[in-house]
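Let me begin by presenting the structure, written as structure tokens, before commenting on it.
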Amino acid sequence: MSATFAILATWTVLAALGAMALRKPVHAALSLVGALMGVAFTYLNLGAEFITAVQVLVYVGAVAILIVFVLQLTRGEGVEGESLAVQPASLGLGIALLVTGGLIAAVVFLPDWRAAWPEKGDVALKRLGEVLMNRYVVALEAIGLLLTIAMIGAVLIALKRPDSQPPES
Amino acid sequence: MSKPLDFDAAEQLAMATGDVEPEQLDHDAPVSLPPPGPRYEAVPRAASPAIPEPEGELLEVSVGPHHPSTHGVFRMNVVLDGEKIVQLKPVFGYLHRNHEKLGEQTTYLGNMPYTDRLDYFCSLSNNWAYALAVEKLAGLKVPERAEYIRVITAELTRLVNHSSLVGFLLHDMGTMGTPLMYAFREREKILDAFEALTGARMMCNYHRFGGCRVDLPPGWLDQVRTIVDNFPRFIDEMERLLSENEVLIARTHGVGVLPPELAVNAGVTGPSLRASGINYDLRKVDRYGIYDRFQFRVPLGEKGDVYDRYMMRILEMRESVKILQQALRDIPEGPVIDPKVRLRNFTPPVGEAYGRIEAPKGELGFYLISDGSKKPYRYRIRPPSFINLTVLEDMCRGHTLADAVIILGAVDIVLGEVDR
Amino acid sequence: MNALDQLFVNLKQAIVGWFPGEWRLGVSVVISAAAIVGVYAGLFAITTWIERKGLGRIQNRPGPNRVGPFGLLQPLADGLKALIKEDIIPQRADRLVHTLAPILAVVPVILALAVIPVGRNMVAVDLQAGLIFFFAMGGVKEIAVFMAGWGSRNAYSLLGSMRAIAQMISYEMPLVLSGLVVAMAVGSLSLVDIIEAQAGYYGGVLARWHVFTPWGLAGFLLFLVAATAEANRTPFDLPEGESEIIAGHMLEYSGFKYALFFLGEYMGLFGMSGLAITLFLGGWRAPFSFLEWIPSWMWFFGKLFAFIAFFVWLRGTLPRLRADQLMEFAWKFMLPMVLLDVVALALWQYTAHWSVPLAGLWRWVLSGGLMFVAYLGLARLISPRRRVGPRTYRFAE
Amino acid sequence: MIETARNFVGSYYDPARFPTIQYPEERQPLPENSRSFPILIYDGEDPEAGLRCVACKICEKECPPQCIYIVVERDEKGRAKRHPAVFDLDISVCMGCQICVEVCPFDSIKMDVAFEKAGTDRFGRMLLHKQDLARPNEYFHQIHPTEAAQSDERVGKTKKAPKPKPKPAADAAAERQPSRLAA
Amino acid sequence: MAPLHQYLLLSLLLFGLGLAGVMTRRNGLITLMGIELMLNAANLNFIAFWRHGPNPDAVEGVLLAMFAIGVAAAEVAVGLALVIAIFRRFRTVNLDEVQELKG
């Protein structure tokens, strides 16, 4: 358990816990940002610099702001932050514990993951570019298309349509 | 003295619109008297448009009273729907000093220093308006040299007012006070000239009933001639700042349009009225003082938006410079005050009088009722910036808060005059 | 490479040499970090002085000249004032978010400065994806602005922070794209490689900077405009526009926290101008071959001071754009122009090995022409003059 | 943009573009007519006896903000002497409009040019008494030479002073007679 | 760097927290955040296995993580648009109060 990894792990888990458990949605959003930064530095710890930059740029730069904006838009009537303990909580928590417990058991009892770390520098960007353009060009075009469609879809869903009838509740 | 103004002024007001074929922006076109233009019938004031059904909830914002961009203590209760202004209620009175009631308890002479504090940007034209009203009341004659001095000081205050106003506009729009400093640099020279003449830079208290308090000190006319001769350089500088600045054009074109009918109905006077294209300048309508001896022209705007109002001020500064050059050229020698006028216990005959002049902000009028005693019975002031302010909401509706700040700047209010 | 040029590099090697083996890495990291924070904080002090003196002189007044000779101690006085001023946390404010915001406004910007090469092999961290890292750190600033706005629980500061975030996001797109145009031309995201690609001289005299190519010039201008908007400088300093929402998200801050926000803003300014210098003006390279003898870091900081003077000049002259004009300008003008800049670069690259006589001129006409036509078309689209038309003023007698 | 560049460069060599005056060190010479707050003039050396003011209270009545307070000195039999016992002037109220100077028939109150009268408390320093207001005629000649010459000429005529004052060349412009001794 | 299974444990913890958040919290936004966390956990696994993989110039791990980040961004955009539409329609963000299935 190297020192840096320990600090990073505790930071990320605590922030993720905060993101889920904090009462006020804005506090939850900000601790989510902490968790995302923690994950980004874990990538750095694993030696993948490019993905760190992409993760920070995409998640912290854009997604977090999006969440925060929508939080502002929908701060209207919703009660400030309802308690974590909701009656089906025990059910939900039970399922979550079941799933993660099983996975953790799988990881712990399969010993051959303990092989040593091979020597590997970060992937050369030029090579990443070439691979993207040669073997996975279809995937690249597909993700481009997906993002465009998602954006158009999001805009249409959230559009203020004048004819939408006034909310009754 | 010009023919005494009889009280069918309303008749003149209606016919006072000259319609002249459009000319390009050149300054030396031959001058000709305009034929009486079409009359503007009193169009019933359009009911203010119903407030469109707001989708989001309205945001009530109160701008001022010590907001950095409301020139003085002035508050605007603005109801915003998102970015657009839906309703704007100006709130003022913070600087009310009971000027008119005070006027009834002080002698005629004692009121003169208080008129400096009305529109503290142009004290000399306030003095002149009050002196004009009292002279009309008492039927006094003013010697030639005093008339020339009055025209010179009034036009100098117009230069001061218009130059600092253009500076304030650009400051409101965000330049860190740079054009304001240029305007103040020019204003300082003129204020030094006032101090040399009257003893104080802004609170001059210089005009008396029947003339001026003290004669021109030696060398004063040359000092003013140098100021007036290199003033056009500053006006060109300001005009270049205004006309070639893309950001400024984007922010002032088509903002705060004042339709001519609304302007006439609301009694707006001064550059704001002329920016909407109505040819009404008291110096031409009343021909008070000796303005009929000078050759100058009245610029008229086309669209009546904020940009036009500022070009009005720039063009009027050019005209004032022309008037000043002519006045400085042929100012005669002679007494500056009618010696028969009593200074203390000045008791005008019973009666009433309304004296008005073209102050830089509009038609500044003093209405006096005298009951023969040393103190006026009724002392009423027609404040141009207060009346120009009544149309603020009509101009601001539909614009954003940033525009409201600029429209307020263009109306050119000074709180001393608005609150009295 | 003469001694003066490598002065700081040798100095650092010497210091690192004193320490035993395994300490070396830690010490060199500490030295680099201290160097960055020290140099840029000093630059921050000098910039406040330059800004106040420059603005003063533009407005025909001397600017600060009382505190120390020529007012040189004025930044010290400002810093002291900021320290002494009472640090008020509004009673209803959310304490944690309120106090965390200024820290989050400064730290990422300093991290971004670590990536910019200041001189020949004088770069703190030579990341393979330096450019993307820089923009990533720029993204974190928005979170700080939101926290400041939301933390102080005040209608005006919330409104101001929303405007600031909207402005930053809409100008981040052109900024990142114009940066990537250079990365496309050079073929690498590392800033050191980008400067490497600008080595050499046209005809032995003029440096091969990207700004002397059509797509480079257009990219540089677009990057500059986007950088001004990103750093909230004058034509775009809407968030702290005094005439509307007084100080935007920084409304409820006083004392040292307010100074921290300014430190963050100026560091952002250095970061943006540093990146503009690296991408388009050949980083620490000399413009002409015969000026090669001046040390490399002097070139970098000289260009940085030129940028600071330009921003001060901008701040003294241009009025502020309105919020909706700001957004319209970003989405209707900047974004299409940057995308066309990519096309212009493609044209430039594709016609690299033309055999036509005076190929250079043709390439310039082709790629530069495309950008110019695009500029004319788009400028007409959003220009206010077109909507309103010229003004004629009538003169009644 | 070029405008500000021209001004920036201009401020270094063109004095017209750099009008700043460092106030405490350099002072702009005040024009001759400049006025700030009133002072009382006395002839000769003794400020008490030579005071021109005869306590006629005209200025007290005419002053718009009523900031002058005069108490006439009475000799033992109660008859008023032509000399003020108390002459207080509250310069926090006075607006420097110099109407008192115009209406004073004895040229005893004139306008000073000194404007640095800031004080810490409103009642102590702002209320000037007779001693603080009194200034010799020479000081008056120093600050307003032409006006002093005219006032000396007037004072010389009305008082028929024992020693004839040297007649300063009357100013070319016909001087206004400010004060007809109103009934 | 710690042995591989500790990275797996970290990502699983993140995944568990995300799942718990999604299951228990009623607020639509917190649910979206939970999904974000789960996606991040998956990415962490990709990078861990890419780093642990023997083939030095294998690049698929990093590639997959990049694509996953892209998809996640698209997903959040659509999710938030849905939340806004629900809020405008039902004036509330709590998902369990949104039960009517009327068209």
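Letters A, B, C, D and E mark the chains in the order given here, with residues in each chain numbered from 1 onward.
In the analysis below, contacts are C-beta pairs under 8 Å (C-beta built on N, C-alpha and C of every residue); 3 or more make two chains touch, one makes a residue touch a chain.
Since the structure is predicted, the reported quantities are computational estimates derived from the model, not experimental observations.
Shared contact partners of subunit C and subunit D comprise B. Chains making contact with subunit A as well as with subunit D: C. Looking at B-D and B-C, the interface holding more C-beta pairs in contact is that of B-C.
Distance from subunit D peaks, on a Cα-centroid basis, for E.
Averaging Cα coordinates per chain and for the whole protein, the chain whose average falls nearest the overall one is C. In this assembly, the C-alpha centroid of subunit A lies 5 Å from the C-alpha centroid of subunit E. Averaging Cα coordinates per chain places subunit A and subunit C 30 Å apart.
Chain geometry summary: the mean Cα position of subunit B and that of subunit E are 66 Å apart.
Mean C-alpha positions place subunit A and subunit B at a centre distance of 63 Å. Residue positions of subunit B touching 2 or more other chains, listed in rising order: 178, 182, 185. In subunit D, the positions touching at least two other chains are 3-4, 7, 17, 19. With touch defined as above, residues shared between interfaces to two or more other chains in subunit C number as follows: 58-61, 316-318.
Which chains touch which is summed up as A-C, A-E, B-C, B-D, C-D.
On the subunit B side of its complex with subunit D, the touching residues are 106-107, 109-114, 116, 178, 182, 185, 188, 192, 195-200, 203, 205, 213-215, 217, 237, 240-241, 333, 335-337, 339, 342-345. The touching residues of subunit D, counted against subunit C in their complex, run 1, 3-5, 7-8, 10-12, 17-20.
Note for the complex: subunit A touches subunit C at residues 26-27, 30, 33, 49-50, 52-54, 56-57, 60-62, 64-65, 68-69, 72, 122, 124-126. Touching subunit D in their complex are the following residues of subunit C: 54, 57-62, 313, 316-318.
Residue ranges on subunit D touching subunit B, taken from their complex, read 3-4, 7, 17, 19, 30-35, 58, 62-64, 95-99, 102-103, 111, 146, 173-174, 176-180, 182.
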